[in-house]
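Everything below concerns the one structure shown next.
By letter and in written order, the chains are A, B and C; residue numbering begins at 1 in each of them.
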Amino acid sequence: MNEQLKAILEVLIFMSQDPLTMKKIKEVLGEVPEEEINAALEALRQDYSPADRGIQIIQSGGGYIFTTKPEHDQWVRRFLQVEKKTKLSSAALETLSIIAYHQPITQAEIAAIRGVDSTYSVKTLLQKKLIKIVGRKKAPGNPLVYRTTEKFLQYFGLNSLDDLPKEEEIRKILEEEKQTVS
Amino acid sequence: MEPEVPVAQETEKVPEPQEVQEETAATQPASPSEDSYQVKLEIFEGPLDLLLYLIRKKKIDIHDIPIAVITRDYLEYLERKDQINLDREAEFLFIAALLIYIKSQMLLPREQEVSQEEDPRRILVDRLLEYQKVKIACSMLREKEEDQLMRWKRTFLPPVARPDELDLLEVSLFDLAETFFLIMKRKERENFRVIKGKDVSVEEKIKEIVDYLEKNGQMDFLEYFSSQETLEEALVSFFCLLELIKNHVVIALQEQLFQTIRVWLRKDRSPHLTHGHSHE
Amino acid sequence: MNEQLKAILEVLIFMSQDPLTMKKIKEVLGEVPEEEINAALEALRQDYSPADRGIQIIQSGGGYIFTTKPEHDQWVRRFLQVEKKTKLSSAALETLSIIAYHQPITQAEIAAIRGVDSTYSVKTLLQKKLIKIVGRKKAPGNPLVYRTTEKFLQYFGLNSLDDLPKEEEIRKILEEEKQTVS
């Protein structure tokens, strides 16, 4: 293990306000083989895994970032004197998950799946920067097209869109529910 | 459907059902208490959500919806709603119409057994199945959200190296002035013609610098200085920096003479000084 | 050693923008003996002392704070440079949006709309190649005229400038609130 590399990576993650991506690591470090970087990152993450540690390094939004652990939430809030962070409304969450799974998608397509007009939720999500407009669809009326953002991934602690719950997982839950019904 | 039946102050809770369900679902026995819809319309995210709720309550397989029963429940629910806003809830009415249509289709005598493809419920079932997936994805995402909301990240730039070491490097006004005059000399040589730009006020410039620092955390002052359009503006920006340092709004550090001057906002700055300054 | 206490202290120092004082620690933790806190702090500092660590806890200004180590200073600088390059400030975004919707446009016109001088933002945008100079305006002083670039379109996923969201579309999204609130 390259100890020096590990220390530098710790510094970079520590300094970074957004998840530190491999791209940025390479930009800063220059010529270091990716396997070496990955090995050092893994060793570093191990350092923070013991139960007596309060912070840890998570992979989120395509990069590495320090966060506190969920079980210490109340201490942080007591320290910062803030309320519990607010969750998304279920209308917004529904809209967001539809966009996540069907992107790129238009408002009309979202509304068709939800069965209700979703303009307000779209607005909320745009303002929270969880989704963005990425262009227009080549269709009558040229409607605007939406996608989820990098911040969306970070918000849910996903590393990439591939980390979204898979279709099979969802189907499995449906099956289970069906069994309890019958 | 009676639109707009104003019931005084009763919008929050749906009243207890006045009439007893005369017939419970033929397929599944449901206890009467379960059949009282003590839910307000607002909690459903739309007609599909409501429909899914009704189907689950009756513990029916989505693929085999007893349309007559569900249609009745659905309409009953809408009727209990005190106020129907036609604009907003057109979707609820649309599904109601669809349910009635499907019901009528199913009542029509058929020459042959209805094949799967021709089942009039098909279109609704497909939508419900798709919607059900969304609901499950939502609940899974909700769990992730809850976990993440309890994790805290730092939103500020952490200190670099030892703060006390940095303090020793704090730029004196003399250092700043010296640097400045050297640059001015250089700039004078570059500027063959000095274009008279618009008048820049000190207040504006201070605001611009503070805004920049608030957004970016720190500033490379020499870079900023040389990006100024006119010599006059550059002069004003330098004067502003001096003012900000003097008033303890910012801190400026320079490692060596002629090297870049890095500027940060002071954490302990007094807020009123950041918005312009006042000459008595 | 109280492991839970050590983890919480790590969290508090991590979240603290200024050195974390004993006074503040006691405020948050309530009734915990000072010796216990000191023991936990000492153990925590030990965790960060090995040479393969990039960050450390130091005592400064009457409290505890995480800092990077002086020997990694150059990496920190390099990282900050990279960070600076990748982020578009909100001043730059403001300027970019004005250019996008009002092009071709001069600096004076941009400044007139924003109400502040925008020289610095224009410079940044030029460097990022999101805008370009396309000539001079036939007006007193012959000011330079700016337009957005091809790269701008790519960045926002637009086929052409006609695809920029129209005022009515944005207004529709923004206005939705009034209806649903009623």
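The definition used in the following text is that contacts are C-beta pairs under 8 Å (C-beta built on N, C-alpha and C of every residue); 3 or more make two chains touch, one makes a residue touch a chain.
This is a predicted model, so every value here is computed, not measured.
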| item | value |
| --- | --- |
| Of all other chains, the one whose Cα centre sits farthest from chain A | C |
| Selected pair, greater C-beta contact count between A-B and B-C | A-B |
| Chain centre separation in whole Å, for chain C relative to chain A (CA means) | 18 |
| Length of the line joining the C-alpha centres of chain A and chain B, rounded to whole Å | 14 |
| Chain B residues counted as touching two or more neighbouring chains | 88, 152, 154, 156, 158, 160 |
| Where chain C touches two or more other chains, by residue | 11, 14-15, 66, 68-69, 76, 80, 179-180 |
| Sites on chain B touched by chain C in the complex | 87-88, 152, 154, 156, 158-165, 195, 198, 200, 204, 207-208, 211-212, 215-216, 218, 224, 227-229, 233, 267 |
| Of all residues in chain C, those that touch chain A in their complex | 1, 3-4, 6-12, 14-16, 24, 28, 47, 51-55, 66, 68-69, 72, 75-76, 78-80, 82-83, 86, 156-159, 163, 165, 169, 172-174, 176-177, 179-180 |
| Complex contact set, residues of chain B against chain A | 45-49, 56, 59-61, 88, 91, 95, 127, 130-138, 140-142, 144-158, 160 |
| Complex contact set, residues of chain A against chain B | 14-15, 17, 58, 60, 65-71, 73, 76, 84-85, 87-88, 90-91, 93-94, 96-98, 100-101, 113-117, 154-158, 164-165, 167, 169-170, 173-174, 178, 181-182 |
| Touching residues (chain side chain C, partner chain B) in the complex | 11, 14-15, 17-18, 58, 60-61, 65-70, 73, 76, 80, 84, 87, 89-91, 107-108, 111, 116-117, 119-120, 123, 141, 179-180 |
